[in-house]
Amino acid sequence: MTSKYFEDYEVGAWRESLGRTVTETDIVIHAGQSGDFYPHHMDAEWCKDQEFKQRVAHGTLVFAMVVGLSAAEVNPEAFTYGYDRLRFVRPVFIGDTLRARVTLKEKRDSPKRADYGIVVEAVEGVNQRRETVVACEHLLLVKRRGGVR
Amino acid sequence: MTSKYFEDYEVGAWRESLGRTVTETDIVIHAGQSGDFYPHHMDAEWCKDQEFKQRVAHGTLVFAMVVGLSAAEVNPEAFTYGYDRLRFVRPVFIGDTLRARVTLKEKRDSPKRADYGIVVEAVEGVNQRRETVVACEHLLLVKRRGGVR
Amino acid sequence: MTSKYFEDYEVGAWRESLGRTVTETDIVIHAGQSGDFYPHHMDAEWCKDQEFKQRVAHGTLVFAMVVGLSAAEVNPEAFTYGYDRLRFVRPVFIGDTLRARVTLKEKRDSPKRADYGIVVEAVEGVNQRRETVVACEHLLLVKRRGGVR
Amino acid sequence: MTSKYFEDYEVGAWRESLGRTVTETDIVIHAGQSGDFYPHHMDAEWCKDQEFKQRVAHGTLVFAMVVGLSAAEVNPEAFTYGYDRLRFVRPVFIGDTLRARVTLKEKRDSPKRADYGIVVEAVEGVNQRRETVVACEHLLLVKRRGGVR
Amino acid sequence: MTSKYFEDYEVGAWRESLGRTVTETDIVIHAGQSGDFYPHHMDAEWCKDQEFKQRVAHGTLVFAMVVGLSAAEVNPEAFTYGYDRLRFVRPVFIGDTLRARVTLKEKRDSPKRADYGIVVEAVEGVNQRRETVVACEHLLLVKRRGGVR
Amino acid sequence: MTSKYFEDYEVGAWRESLGRTVTETDIVIHAGQSGDFYPHHMDAEWCKDQEFKQRVAHGTLVFAMVVGLSAAEVNPEAFTYGYDRLRFVRPVFIGDTLRARVTLKEKRDSPKRADYGIVVEAVEGVNQRRETVVACEHLLLVKRRGGVR
């Protein structure tokens, strides 16, 4: 586990994760985790008459998988405090394969903590056709090397 | 399943969900779902030397559980297209019990689809001490009764 | 959570649940829950030579799913004390979609507790072809409004 | 896999299974399987104010676990067609250890199928204090050796 | 639970288990158990360009399933202390059905414990085409009847 | 994903993984995966009278977790073909925290494939007291840079 400080993050840095296929298993387990048994995810018959003709993955599942894929090495000096502009852009179906793409978009001061800075990562989940299915901004609070700026 | 149209949503409407206790099982299963095996969630020994002295639930787990709790009756005229200002306000530990509180905060036109309106729900997850642990704005696209405004 | 007393239940009342598709995942997880790894549920090769030519869901899984689907709002004045005449009428296969249909069949005195009455619900699980796959009588003990009759 | 025919079953035969401890994990996974997230099983805070002061296992979980424990060797000549008089006699808590006890109670003709007979097993689930927690009658349809009686 | 002593094991004894089909669910759950999300197991798109054209089961999953299938009755006088020459001979795909075949290969003295002997079982996992997919030697330490030889 | 050839592996190279706490959840899920419901893992009451006084993790679970922890970056030029001398040195209990330690022990020619070499990693699982709980030799077949030696 290596420390990486606010000063070490570079705007424009980019990474792409390995891929992971979304399975029926993931959806069934996520229904159990979230308690969301809506027919959009659980009722293949009902879905046949809907716009997409098939079950779609829960938004919170797609988000959790893409965030999991996007994770970099553990950095003990950083923690997530939130996400902005989370958008579900396209439906994700059973059998789709997701990757996470992360661009370091911005660094800014923290209004509350002088010894930390805010790092904003633009996170995108893309499917096997390179279409964006989910997008958000990941907000990290990262310690400054000097302690206080 | 009853249809509820944009016109039927009332700003200020409020609901609170049942409670659900976050268990070690939820965290272990979420690690498997998300692929996030960070020591903050998985290594009880390492956590002893950290700020919170114990394992914390994944942000994406807390979010999925609170969104699941917050769900109202299935409305075939509405779908989620995103979340804004998702913030992890306090850590969630094994044994904490969460509830979701939802306030209908705002209704606005959709810039892209004239036959739909946007409903914004302020969603909060609170623990057994009534402290907010997570907060976000839930964005729903809901069909207008008239079809087009 | 709203209290509903014995007097509030009406014989003949009827409800139908949303649907839920039975998946291979449900069967695999249920084998782990119940410890039942019989080839009827777990061995697709062996099943090819059997009457149904394919794996069938465990009876206890079908029962648990239909009971789960059949659940009404939480009523703090009622609890389940048993089931009568549970019958597995037709096999349930991977991909079948189940719904629960519940009819309030009977109200009777409790032989043991004067302050409670017995409510009997006829519960049926039906598949996507509207065939009954499981049937049983659900026995609820429900508090009387007056306390004692 | 050895065939055992209707004639081979002996009234009065008795067996007891190994034990299995009911864990919080079992309850959390069963909530996901059944879709039953009632606070009796999921909300440790709410349970503190209820009769039992703690979460109780779902009836359908206890039933599935005891049925699983009670299973004998696979018999290709027999299948379950139902259960009678299923009763939840005592609550099951996290940490309780269950065993199944099975007594072959009765053999009778099948009203519908002359080449099969009905075997009735009295199944009991007992906890670590040897108290019965669940009881039912397991109905098996078993092929007659001669084919037709 | 019946005691079986070192003297009771016979070299050459042979048994074959029931079968079990490897499902996508098993692979997804094993990824969560082991933390191994390699694309060989999780990324169906990537696998299309690899030698086997599809996802393969984790070696540790195949091993755990075959060891589980191979288990004999519980013997309180025996415990596993290891495995030798574990080899993954052929890939296992989703939909393959495995059986375990066990031959008691050898009995030998324990160099460390005079009151125990070592029993070596040759364990093989075979698929539905009777091809060996995994092989190993299972080492059991089993109490001697006399206590000390 | 970066290619690493046989020539790139250095004898003596060493790495240690992050830690992971073994939970009751892991054991319950592993029982379901492996079908091994032995009382050593599942019956807390029975265990009270055994040598260790508590449930122990399955050997195949400990092995799978340590192998998962030990995994290096994906190397498309390498694959596991087996393990030697797998030994369960100490019991693993609920709440123990495991790490994997890997030492590159040996490189040798493959007797069957001239274009591949064999890399042997000594893998150890250690608990929070730095005691070895499991040890084995991991056998990798790795492509030679030149293709054929």
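Note that the chains are named A, B, C, D, E and F in the order they appear, and that numbering of residues resets to 1 at the start of each chain.
Everything that follows uses one rule, which is that a residue touches a chain if its C-beta (ideal position, glycine included) is under 8 Å from a C-beta of that chain, and two chains touch if they have at least 3 such contacts.
Note that this is a predicted model, so its numbers are computed, not measured.
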item	value
Those chains which touch chain E and also touch chain C	A, B, D, F
Most remote chain, CA-based centroid, reference being chain B	E
Same vs different contact residues, chain C with chain F, by half of numbers used	same
Whole-Å separation of chain centres (CA-atom averages), chain B against chain E	43
Distance between chain centroids, defined by C-alpha means - chain A, chain B (Å)	15
Rounded Å distance between chain A and chain F, as computed from the means of their C-alpha atoms	30
Residue numbers of chain B (touch at least two other chains)	18, 20, 24-26, 28-29, 32-33, 35, 37, 39, 74
Overall pattern in which the protein chains touch one another (line/ring/star/complete/other)	complete
Chain B partner contacts - residues on chain C that touch it in the complex	1, 18, 74
Footprint of chain A on chain E - complex, ascending	24-25, 28-29, 37, 39, 42-46, 55
Chain B partner contacts - residues on chain A that touch it in the complex	20, 26, 29-30, 32-36, 38-39, 58-61, 63-65, 67-69, 71, 74, 80-88
Partner chain E, residues of chain B touching it in the complex	28-29, 31-33, 35, 37
Residues on chain A engaged by chain E in the complex (per definition of touch)	18-21, 23-26, 29, 95, 97, 128
